[in-house]
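Everything on this sheet refers to the single structure shown next.
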Amino acid sequence: MKMNHIIIFFFALLISSSYTFHVSSSANDFCVANLHKTPDTPSGYPCKSPTVNDFVLSGFGPGSLNKAFNVKLAKASVTELPSLNGLDISAARVDIGPNGSVPMHTHPDATELLIMVQGRVTAGFINLTEVYVKDLKPTDIMVFPKGLLHFVVNSGAGEAIAFATYSSSKPSFQFLDSVLFGNKLPTSIIAKTTLLDVSQIKKLKAKFKGTG
Amino acid sequence: MKMNHIIIFFFALLISSSYTFHVSSSANDFCVANLHKTPDTPSGYPCKSPTVNDFVLSGFGPGSLNKAFNVKLAKASVTELPSLNGLDISAARVDIGPNGSVPMHTHPDATELLIMVQGRVTAGFINLTEVYVKDLKPTDIMVFPKGLLHFVVNSGAGEAIAFATYSSSKPSFQFLDSVLFGNKLPTSIIAKTTLLDVSQIKKLKAKFKGTG
Amino acid sequence: MKMNHIIIFFFALLISSSYTFHVSSSANDFCVANLHKTPDTPSGYPCKSPTVNDFVLSGFGPGSLNKAFNVKLAKASVTELPSLNGLDISAARVDIGPNGSVPMHTHPDATELLIMVQGRVTAGFINLTEVYVKDLKPTDIMVFPKGLLHFVVNSGAGEAIAFATYSSSKPSFQFLDSVLFGNKLPTSIIAKTTLLDVSQIKKLKAKFKGTG
Amino acid sequence: MKMNHIIIFFFALLISSSYTFHVSSSANDFCVANLHKTPDTPSGYPCKSPTVNDFVLSGFGPGSLNKAFNVKLAKASVTELPSLNGLDISAARVDIGPNGSVPMHTHPDATELLIMVQGRVTAGFINLTEVYVKDLKPTDIMVFPKGLLHFVVNSGAGEAIAFATYSSSKPSFQFLDSVLFGNKLPTSIIAKTTLLDVSQIKKLKAKFKGTG
Amino acid sequence: MKMNHIIIFFFALLISSSYTFHVSSSANDFCVANLHKTPDTPSGYPCKSPTVNDFVLSGFGPGSLNKAFNVKLAKASVTELPSLNGLDISAARVDIGPNGSVPMHTHPDATELLIMVQGRVTAGFINLTEVYVKDLKPTDIMVFPKGLLHFVVNSGAGEAIAFATYSSSKPSFQFLDSVLFGNKLPTSIIAKTTLLDVSQIKKLKAKFKGTG
Amino acid sequence: MKMNHIIIFFFALLISSSYTFHVSSSANDFCVANLHKTPDTPSGYPCKSPTVNDFVLSGFGPGSLNKAFNVKLAKASVTELPSLNGLDISAARVDIGPNGSVPMHTHPDATELLIMVQGRVTAGFINLTEVYVKDLKPTDIMVFPKGLLHFVVNSGAGEAIAFATYSSSKPSFQFLDSVLFGNKLPTSIIAKTTLLDVSQIKKLKAKFKGTG
């Protein structure tokens, strides 16, 4: 008797829960991204019905090699982990080869927390004309505030490995070289707005496949 | 003449207003939820054209009885009041029978404001190891900060009635018993991560229809 | 032995918890307002060490009578309930006498949820040139979206009572009459920007103690 | 050889960038509004693939004349500049003829920054019963905090011109006269909640095409 | 000559930058926490003048042992890394011994991203009555949405190590056992609101140093 | 009699209003910055009692000349207009001489809206490897999304003038040259993380007073 009512009660809870699930419009539930349903919105992707696999990324290993800087970057953002949709956090794995580096770049609106796992690096960021540089070893953590230019240079003998986490579910990586030289931005404009020599600009445009 | 222009002017206003209405992308207008249009997004449901009934909920009376705790809960969240979409507020009505209670639960990311209307209760919440408990009577209000475990126990002779309001348009109710014992979470894992006795876990799993 | 370690462990927890308490810089804890410590900041008051009384307001009864509109307003905002600091929710009690009303007003940036408890009222709000008006009785709830002009008129025989809740810990009440006529705003400016007759303006300035 | 890899690397970047582009769920990228795709959400419109023209509005000149107040208003909000979607900023151009004014109004949840370009005006806003009024000339800037009633009166001989910017991508303009008198809100309710004379209300309802 | 002006120009920049630094009221700069200046505010600590050491935490190794669950937890939150103030991100290191676990707990309002580094674990969370459990190995990442009960059990032979990151600069750890049993919450209330047996409650209160 | 009560009522309102004023902890009021009271917090400066002058900036003319780029920049941010504190908007005036430019720079977390007033310019921004460039004339408006590199080049015969507005009350200006070359960042690190030639780096360090 009492049991019947409890069954009814929790069956009701079950209903309401799975419903809450798909249609929550508040921040106190999650909204797993439906990556196949485009377009998205300023707050993220439309929601889908979740499965445990939406919350787990397996085999988060090194990314593909970039020979220009001898670095491998692998991302765990909302496109790899759809459950991050709307939750303002993500991660990346960084493997820097000998003499390699994560080149100068910014993440607009995402703060980065770098956790050293292997090797030795020199990392830093710049705010206006203030420079913040530090040598890092495993068990060291460094913060790069949102939107500021930063870099990581392998200063050790072997490979350096670190995990980076971000205060955004999909931080973009604005690599300075590809932004300045990897496109059709006219050399004359780059020269006038950076005071870089035209010869230097053309040299790097050739390297990074830019035109104009 | 002047009138004609005014007509044109306010007709224009009318147009722009009803347009603003459906497509506003800012927080300074409202976006009535289209509940029939799924899925939603991290910021809420898609918008629909509003009518006055989207802003009014009639007959917000007691909810259905839960005999396990002798309590009735009725919600006025975005699914009952679609105009709450994106507005970060909602309400609930709580009717607690003699010896009844609102069991231990949390609302992730929603603060609760409890307004006593009838009867006597003992209510409280816990933050880490600090306990905040108080006896409440009609005309008393209590705050339960977001995400913390809280409860309300009927400490009077008759029925206790209160209105609860939340800083979310769709707060979820994470009842501790249904979360711990109303599902397929293995008894061994519950035992290891809570130190509850296996016999206690099995007893409550039976009560709350859990398995494993 | 094991016990000693557990004692140490939870004593540590106790320390860290009470510490978390006072210095939390995140939204997942609360920050009880120190009302005696001014000034505050855009996000609220400085924090104080909490006690259970900071979370409870007792005797939330009718406010003092305003004879102009035969209404009593009582607030339960952060200044009455310091635990609301930073939590984006608050409440008010509204007692409207026969033929009385809550006059036309706005709450900049705070949505209102009105819960009817006694009597009969006609309530509404206006968005641009769209009007949303409804007759309300006990067990009815109405939503007034943030920043829009709204009102509540007692349409019944006796007193009407309602609880209002807001999506802000300290909503301001911008009563149209006191904003337009209860200050030193020059009559000529009011006339030019509202097209109200000068005689009407002067009549209401006299009523609401305005000058100029 | 090295070149091939760089080509591959930046081709990869190109892919990921244009992808990031369309599906970003974070605030550190932009989401150009697809205005033809309705409905929108509380956070804004669905995103579209961007072109440079989504970021530029050409010929942002005077708006159409409103003879009631001898003022021209032109907006540059998300509907005119779809790239503003989700970016919380927009602009308007204000041309006020001799003896004209921007009538008393509010922008719920949007702060306004007024930049004077030509002429002389008297501008101000009211918070509760405090009045903030100032005479402005070109090179003056004035702030009108979100949600508060404000106005701009041409106090010079010729036309006054100003640019207004807002902390919202689509601020609504709640003109007091059209909100109070340009709709079907019953005269009896307006009279009771504002204490305006019935004759005054009827006179302005006639002027602003209101009924009831 | 030209040089002098450039010197002046960049000296000015230097001034403004270091000024921007201390007094920024926007999110596009950082505000390093002055931990010695209490109390804080809902948005975080007051700011201090930064040094590179505010951005780096060295020797982020295992925390102190908790013998109850054979686990070591070390935090890198705003109190250890003052530059995290207001930046909504932090980290923790988790070392779980054989047969150990991170006990059932919640982080109100903080999402957790768990990055496996060593060993084997079974991790999971519960939303209402839905359970999300998965076996994890190094190179696996799992997401625990904000405010939900979750756990990590060592399911391997040796020690398991993971890095956890959070979408808050100071997440609190609400361990279920210490919240329920490590304080003065009366046994009768716990029993009534959880349906746990009194004997079970008393047994765990003894274990976790609770009273009442 | 009635009058007395009204006096009392509005006197009370006056009190509460001026109180609301200083202690508001919600976003629906303003908090004028007390610039003389340091330090600030992540949400902005402490509040002060406001006067009309806190809302008005007079004589917002051209800034001082930067001969390196033949440009004058003047800011109207929270430090010049304390009422902007916490309101997420500000402005700047840009005067670009013949052949001058606003050099390549970013505003972390602030979107810019550029309103052309005089002359001809070529303006643009880059997202990853996509370039958005446009020729602008008076009455044109262009959007630069937050955190992205952008520039404005004078492409006309005479001086170009524009007003820029930002979605932040204190946007920082990260000029690429001063960030890369105007400080003590070692040449070897710049070379390794940008692939710029050492000779080019030294040349610009000399120009922008950098060392190392």
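Should a chain be cited, it is by its letter among A, B, C, D, E and F, assigned in written order, with residues numbered from 1 in that chain.
Here is the rule we go by: a residue touches a chain if its C-beta (ideal position, glycine included) is under 8 Å from a C-beta of that chain, and two chains touch if they have at least 3 such contacts.
Keep in mind it's a predicted model, so treat the numbers as computed, not measured.
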item	value
Pair sharing more residue contacts (C-beta pairs) when C-F is set against A-E	A-E
Interface numbering overlap (same over half, different under half) for chain D and chain F	same
Inter-centroid spacing, chain E versus chain D (mean Cα positions, whole Å)	41
Distance between the centres, which are taken as Cα means, of chain D and chain C, whole angstrom	27
Chain A and chain D, separation of their C-alpha mean positions in angstrom	34
Interface hub residues of chain C, defined as touching at least two other chains	10, 13-14, 17, 20, 25, 27-29, 40-45, 68, 84-86, 88, 107-109, 127-130, 133, 145-147, 172, 178, 182, 207
Complex contacts: residues of chain C adjacent to chain F	25, 33, 35, 38-45, 64-68, 78-79, 84-86, 88, 107-110, 146, 168-172, 175, 178, 182, 207-209
In the complex, chain F residues that touch chain C	2, 5-7, 9-10, 12-13, 17, 19-20, 22-29, 31, 34, 37, 40-48, 85-86
Touch list for chain B against partner chain C, complex	10, 13-14, 16-18, 20-21, 27-30, 50, 52, 55-61, 76, 81, 83-84, 87-91, 111, 113, 115, 117, 125, 127-130, 132-134, 136, 139-147, 163, 165-167
Chain E-touching residues of chain B, taken from the complex the two chains share	68-69, 101-104, 106-109, 122, 124, 126-131, 133, 145-149, 151, 153, 172-174, 176-180, 182-186, 189-190, 192-197, 200, 203-204, 207
